[in-house]
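All chains are identified by letter, namely A, B, C, D and E, in their written order; residue positions are counted from 1 within each chain.
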Amino acid sequence: MKGNARAFASALFLIGLGLMLVTLFEALPFGGAPMQVGQAIAGRALEDTGATNIVSAVLLAYRGLDTLGEVAILFVAATAAGLVLGGAGRAEAQGTPAGFILRAAAALLFPFLLVLGAYIVIHGHLTPGGGFQGGAILAAAFFVPLLAHPASPVNHGVATVVEAFAGAVFVVIGLAGLVGGGAFLVPLLGAGTPGDLFSAGSLPLLYLAIGLKVGSELAGLMARIAAAGDPARQGGKA
Amino acid sequence: MTMDAEMLGKALYAGAVCLVLLGLYGMVVPRNLMRIVLGLVLLESGVNLFLVAAGFRADAAAPILTAPFTAQAAGPLVDPVPQALVLTAIVIGVGVLALGLALVVRVKEAYGTLDTHAVANRMARETGADPAVTAAGARTPGALPVAAGRTAEDAP
Amino acid sequence: MPFALPFDMTSLDLLMAIAAAATVLLYLFGTARLGGYLATLLHGAALAVTVAMGLDLAAGAGAIPSSLRLTVLGQQLAWTLDGLGWFFLLLTTGAAFFSSWYMAGEWGRVQQRARIQHGTLALNVLTMVLLLSAGDLLGLFIGWEFVSWAAFAMMIQAGGPATQAAYRYMLYALAGAMALFAAILVVHGAAGGFGFDQMRAALPDMSTGMLWTLFALFAGGFGVKMALVPTHLWQAPAYSYTPGASSAFLNAVSARMGLFALILSLVKLIGFDTLAGLRIPMTGIESTDILAWVAAITMVVPTYIALMQTDARMLLTWHGIGQGGYMLLGILVATPLGVAGGLLHVFNYATYQMALILAVFAVIHRTGTADLDELGGLITRMPLTYVALLMGIIGLAGLPPMNGFVSKWMIYKALIVTQQPLLSIAAFVGTLGTILSVYKLIHNIFLGQLRVEHREIREAPWSMTLPMLVLAGIGFVTGFAPGLALSIVDQAQAAMGVALLPHHLGGVVLATGSLNMLWVVGVLVGAIGVGALIFYVLGNRRFETHQYDNYAGGHFLSADIRYHFSHEFYPGLARVIGPWYRGWVVRMEHGLGVLAEVSGDLWHGVFRAAYTPLYVLIVAVLGLFWAGGAGGFGS
Amino acid sequence: MTLLADLILMPLVAFVVGLLLVLMARRVRAKIERRVGPPFLQPVYDIVKLYAKKTQVSHGVMHDLAIMMLLGGFITAEIFLPVPGLDGLAEHGDLITLVYIMMVPMLGLALGVGSCANPNGSIGISRALTAMLAYDVPYVVVIVGACISYGTTNLIDIVQIQQQGGPATWGAATMPILAFAGLLATHGMLGKEPFEIYIAPAEIATGPMTEMSGKYMGALFVMQCFQLYTVGVLYTTMFLGGGENWLFFLPKVFAVIFISVAVTNVYGRYKTDDVIRWMWKWPTGIALVGLALVMVR
Amino acid sequence: MTLTAHHVVLPVALPLLVAFLLPLVGRLSDGLARLLAQLTTLAVAVIALLLWPAASDGGALVSAMGGFAAPIGIVFYADKLALMFVVALAVGLLLFRPRREHDSTKVQTLWLLLLAGGSGLVLSGDLFNIFVFYEITAVATYGLGASAHTGAGYGASLRYLLLSALGSAFALLGIALVYAAAGTLNLADLSQLAGERLTGPMGLTAFVLMVLGFGVKAELFPVNTWVPEVYTAAPTRVTAVLAGVVSKLAMVVILRLLVLLFQDPAALGFLLLLGAIGVAAGELAAFRSRDLHRTFAYSSIAQLGLMAVAFSIPGHAGVLAGIAVALHHLVVKPAFFVLADRWRGEIAGLTGAGRTSPLAAGLFVLLSLSIIGIPPLPGFWAKLMLFKAAIDAGGAGNLTAVAIILAATVIEAAYLFRVVGILYGTAPAGRPPLRFTLGELAPGLLLGAVLIAATVSVAPLGDGLTAMAADSADAAAYASRVLPGGN
């Protein structure tokens, strides 16, 4: 098909699809969500898990397996990217050095990012945020120096070790429930008093594990893609 | 439901639909693989927005319990489950995107171009006609493709 | 049962056991020194058991059950043998016996893969036993597939062109099998099961449309194996390139499995009256008329294609297709005379066609070629083979002394009595074509000038000539006293539910002109005796002159001149009917192939396209539109 | 006893009447060519001379067998052909059987000539079989039409049906068109002039008879007698009401053969293709029209 | 230790645990990592087998994650069908472990994650959880698809990734619609609410989106254009597992959706249409393909189309037929790919290969006969079940589907036996013999033996499958087992 004919055809179909989706969403009771399950969870989340952040309760307790799956997806993506990029021989990551402002700010930003990330991870079950959001910030923390000094070699050693253990901890906590005859990923260590730091039993531990794993994985992933060479500068036109 | 909640609902859904349409347009029309990957990101964000909007309740508050820490005290809460789902969906999106970009890098190296037709033609020729592609003869990632630019037969 | 069996095994079980044992033993010991004789022995045993079963059936046993039961996924499969199945079984085991006898001698030793030939022959017999004794439609289908694939195994072993022919056969056979599969599914849909009685029970309330589809599917599915006209292209090459004795077996019996299944499904299950009821609305043409005309075309067209062949095997196999038309036409007349004629023709055809094919392969065995333009004058070198071939072609052409005449006479008579002139004319025209082409066969091989290189060839060994002559003998005996064969036919006719034809040893007595072969053949032989008397008594003693002491219009014929007239044997006829061979069916077959390739390329293109997300989008939109439509928008 | 008498008498009667027919044919030809024509016993003299020849050349056993089949076939045919007073075995073999028995001698001749290994002989036989195919198609249509209209294929019944009402119920009267087509086909069957493509002395040196001499040629002459007689009687039986007695029967047979002979001597020879094309166009067409009329009734 | 219902999660948890630790172990020694991975796969297979008796007598093992009962928490529902596929996946991964030159610790990790994702996909009883496990399987497949390190491998994986991600977005949209309409994600809960909440345009749209989403891995019509490219470019052992086992898992998910949520004739009709087009497209394209890999790829599209047609027939007869076709294809297709592994390149170049390795050619003929559906091989019984179910269900759609499948069978026989003819042809002189080493052919021969064993024991096998189908097609039983007290 010629280029523009295809564009026109797809535009036509898109408009059709859009109209249908809109009329469909009209039928949806917006604002009045049936809350079949949500209402029950909102009601009992506190005394079940002790976490004041109900979303974290849902994430780690009620739908713990989703989160495990999610971490696994990130891990799979990282491994697959590693496999695809291989990159053993990509030592000399050439690239223009970053501007002065970035280099100076990078050194300054690093500690703040670390603190902020750690805080969000640790307070995951109390205040909004949690393992994933904190992990992302931690990853940014480790990635900023790389942006500042693209030539500096990146050692994956530490990252993989952290990654491996964090993932293992998550699954072991899950299996611990199993050993005691209960179900997989049962919230352990009691609910504790709501509101203070060491409450909601094993949830913070899980979030810590997630935070570390996500942080190290994302950092490793971004480093590997950067090391593989910027597609724009890779010889030949886009 | 007050007027602004109604308007907010409409805006949210309209936004979600627009994002989905933009994403789809971005995936279907362009010829450059990079643009298609970005289209994919738009599409996923649209779907995530719709997923969150599905749990919205007009007169409810965010599902975080404040000080008195009693369920009843906080009043009606927004449905927490879609928010958890969205978190997972976003991470899935990131994972897939990362792998996608890695593959884009590799395809660029292998074929020197990101144009879908050119890549499709060269790939077909490589596996279809060329029986020599055995495991042993795999092209090492580093090797530069022979014809760097766009050649005649890459036309759609 | 004439002889007691070890445990509660019925004779059908014994037969199955023998056939199975034969398949295994012959595959293992086929090439051993006595392998050939072991094969003959086993097939002989099978023939003996079949004859014993015949006596059992004649004694009013109705059907012989088998203890082979199978219940799979809620389907009960049983195997029983009735008169109809027994009739074809007799032909199968008989043909296998003669084929293995032929292969036991020198022919078997000279083959490279005799083991496979023996094994596949026994396998074919086993699969045919299963098909002929199928107790229900599913058993019939399974037996049908077994037979098709066993024949495929037999055809493919010669390699080279045989593989190509076998591949083409397999496509046709499979298409037929799928039509049959569709038919038994339609029956299952209507009757709720695969049993014969369930089908019969469900027949009355089947709609005419369903009956028409059933008729078309059964006729089409089984017609492919019988090589009815539109689907006949595969049979001649497939049966010709199969080596020696197996080709004789395939020619004599294999195609007739299609006729058995057609009779079973159309006559025994659906029945003539229901078929007669099926009419094309305005025209009054019945379903059987359509099939009869297909049979008529199958009689005439392949015969005149056979006329043009230059390879002896192809000529005979093309005639095989033609003769199939006679059998079907006879049966479709639906009167006792016609049905008896059709079934008798099946028996007669098996005898003379097998004799002919064995004779031609004996010639190939000695001279190395079957090309009619490369042979000639072999009568002096291979007299016995000549006699076998002569009696065979008289049978094939349907002339008096041989049995072929009796069944053809009955078919003509049935057609004339039931006032179907055009069909009977087609039958006569088919016979005329046969006479011309069989004379060309015997003339180009045995008569005319003997080639220099064939001077020293010897007569085919006894192990090959004896089976041929015995078969020709059977042909003459059942020609002289057709009553013998008619009594066998009665078993099948009774099982088909058609009234029996009153007959006596000599033939048939009918108000509208009867036939007594005892007198006809007797007088003919007597008269030839009188002719011999006149020849030897009157006139002086004859003396033989050598072939080259010939006179041809003032030109002395010496050995080195090649004056044997055999190429383009009927030039005048070829010029007249030559342009009529336009090969529509060949082009139709080619068209189907191209259609499959083009649509395949179309899909290939779709899969290789670079913009698949557009297809996904389109299908999504259509899906939603349908979903919306189906669900009733906004309801 | 009467059967034994029939068995012996019918062939002899056939032979004698055959000889007269051959004589009539040669006399008619002479008259047309304005010459006196052969004496009364000339056909007999020919046959006796051939049989008395000293050298009897044979080309193998099949050549001899052919002659036996030739004579045997025609003798059988005569026995199954009912003539006034002599029914023979017509009860046991009907019209279709007779047509096929008439093909046995033709096949015998073909085999004999084939074994002579003479190209002219083979070409002759090839043309003879082609001619047979040509004239047999209309002949078959005629036979089928006649049998359907009479309702039986038994020759004796056919004769009785035709004799019930005298000439009005003859085949020729009830089925004139079919009878005329039958006449054309019969003419072709006799292998006379326009369709005499297999003797064709100019082209293939008398075709099948090239290697025949002595008693072999004698047998062929006998065959010619039988052939004329059989064809004539068959046509008479089918369309001219057969013979109540010999007095009425013989003139009819001679009339049939006379028409054919008269036509013969006026025509040259067709090419093989033209024989087929002519035979499959006119006689077959007329026969089909006749058949349609029969079917309509 | 005695296995309770809660141990159902082990086939997912165990491989994940070992996968997370494998990079560490890999640093110490590659051999150890590979051994550990294979041991884990074996362990999963053993666990699934041990769970089988418990599942068969109680109908199914239900395990609520985190102790939270059905509608609130995530539930694992392990009936015989699911356990069977877990065992099949584990055995498949063991049988077809990657060859030396393609193997590395990363590939082993992806192998384990594929096992975890696949098992979760089949065992999970929660809609979104199924989506998560589907994504794990999908991403693992992208990685493995590219593990051949060739340009074509990367290109094929990228195009597959884009198509699959598009499908996943549609699936997620569908799940969001379901959640917006019904408010719960648990399949049992949904099956009870489906009556009034999921009918009409809302439910159907969700179904269409989810079928397009999960259809990518189940090779359904519009979204299966990736199949020939990935199956040709990926290492053959990966392809064998993908085509043989993983595509079936996605089809089981679609079966669950059909049986539990969408018993609506319009939905069944839509799947029937996709299935029928898939069969026609697969067979016709296979008829024109020039090398064995693509032929078998298109043939697997056709077989999956067959399964879709089977599952679109309401009632347990359709499910039985679908499972029978799935199991048969699960045995036959990997064996075909084992053959394709050595017989690479143009089919025309394979003349005489049958003579140099007669065992392989014999296996090819056996497999072809079974996939065409020649009695007494199991392929025939599977097709017979399918046709019987379709005819009993009646309706114009089913009849045309049966007609299409019958015609497709002839085309299938055409291209398969064209290859047989070439294999047994006479090899031109000077061609290096394509000889199979016994090691390479072992998995194929094993699967051939399984096929013959199934032929012999088709009756008991049939009864077992009938019981399994009757159970997994029963939505009410599913709900009563999962929901406490069946609210």
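Simple rule for what comes next: contacts are C-beta pairs under 8 Å (C-beta built on N, C-alpha and C of every residue); 3 or more make two chains touch, one makes a residue touch a chain.
Note that the structure is predicted; figures quoted are calculated from it, not measured.
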- Which of C-E and C-D has more C-beta pairs touching across its chains: C-D
- Query: In whole angstrom, how far does the Cα centroid of subunit A sit from the Cα centroid of subunit B?
  - Reply: 15
- Task: Please work out the Cα centroid separation of subunit A and subunit C, and write it as a whole number of Å.
- Result: 75
- Whole-Å gap separating subunit B and subunit E, where each centre is the average of the chain's CA atoms: 25
- Query: Roughly how far is subunit B from subunit C, going centre to centre by Cα mean, in whole Å?
  - Reply: 66
- Query: For subunit B, what residues touch not just one other chain but two or more?
  - Reply: 20, 24, 27-28, 36, 54-55, 79, 81-82, 85, 88, 92, 95-96, 99, 103-104, 106, 116, 119-120, 124, 141, 156
- Message: If a residue has to touch 2 or more other chains to count, which residues of subunit C qualify?
- Response: 608-609, 611, 613-614, 617-618, 620, 624, 628, 633-634
- For subunit A, residue numbers touching 2 or more other chains are 1, 6, 10, 14, 17, 20, 24, 27-28, 33, 35, 37-38, 41, 63, 66, 69-70, 73, 76-77, 80, 84, 86
- Message: If we use the touch criterion from the header, which chain pairs count as touching?
- Response: A-B, A-C, A-E, B-C, B-E, C-D, C-E
- Query: What part of subunit C is in contact with subunit A in the complex they form?
  - Reply: 611, 614, 617-618, 620-621, 624-625, 628, 633-634
- Message: Which stretch or stretches of subunit E touch subunit B in the complex?
- Response: 99, 101-102, 128, 132, 135, 139, 142-143, 146, 148-152, 154-159, 161-162, 165-166, 168-169, 172-173, 175-176, 179-180, 183, 185, 229, 232-233, 235, 290-291, 293-294, 344-346, 349
- Residues on subunit A engaged by subunit E in the complex (per definition of touch): 20, 24, 27-29, 33-38, 40-41, 48, 61-66, 68-70, 72-73, 75-77, 79-80, 82-84, 86, 160-161, 163-164, 167-168, 171-172, 174-175, 177-178, 181-187
- Task: Using the touch rule from the top, collect the residues of subunit B that touch subunit A in their complex.
- Result: 1, 5-6, 9-10, 12-14, 16-18, 20-21, 24-25, 28-29, 31-32, 34, 53-58, 62-67, 69-71, 77-85, 87-88, 91-92, 94-96, 98-99, 101-106, 108-109, 112-114, 141-142, 144, 148-149, 156
- subunit C to subunit E touching residues, read off their complex: 70-75, 138, 141-142, 145-146, 149, 156, 159-160, 163-164, 167, 170-171, 174-175, 178-179, 181-182, 185-186, 188-189, 596-597, 599-604, 606-609, 612-613, 615-616, 618-620, 623-624, 626-628, 630-635
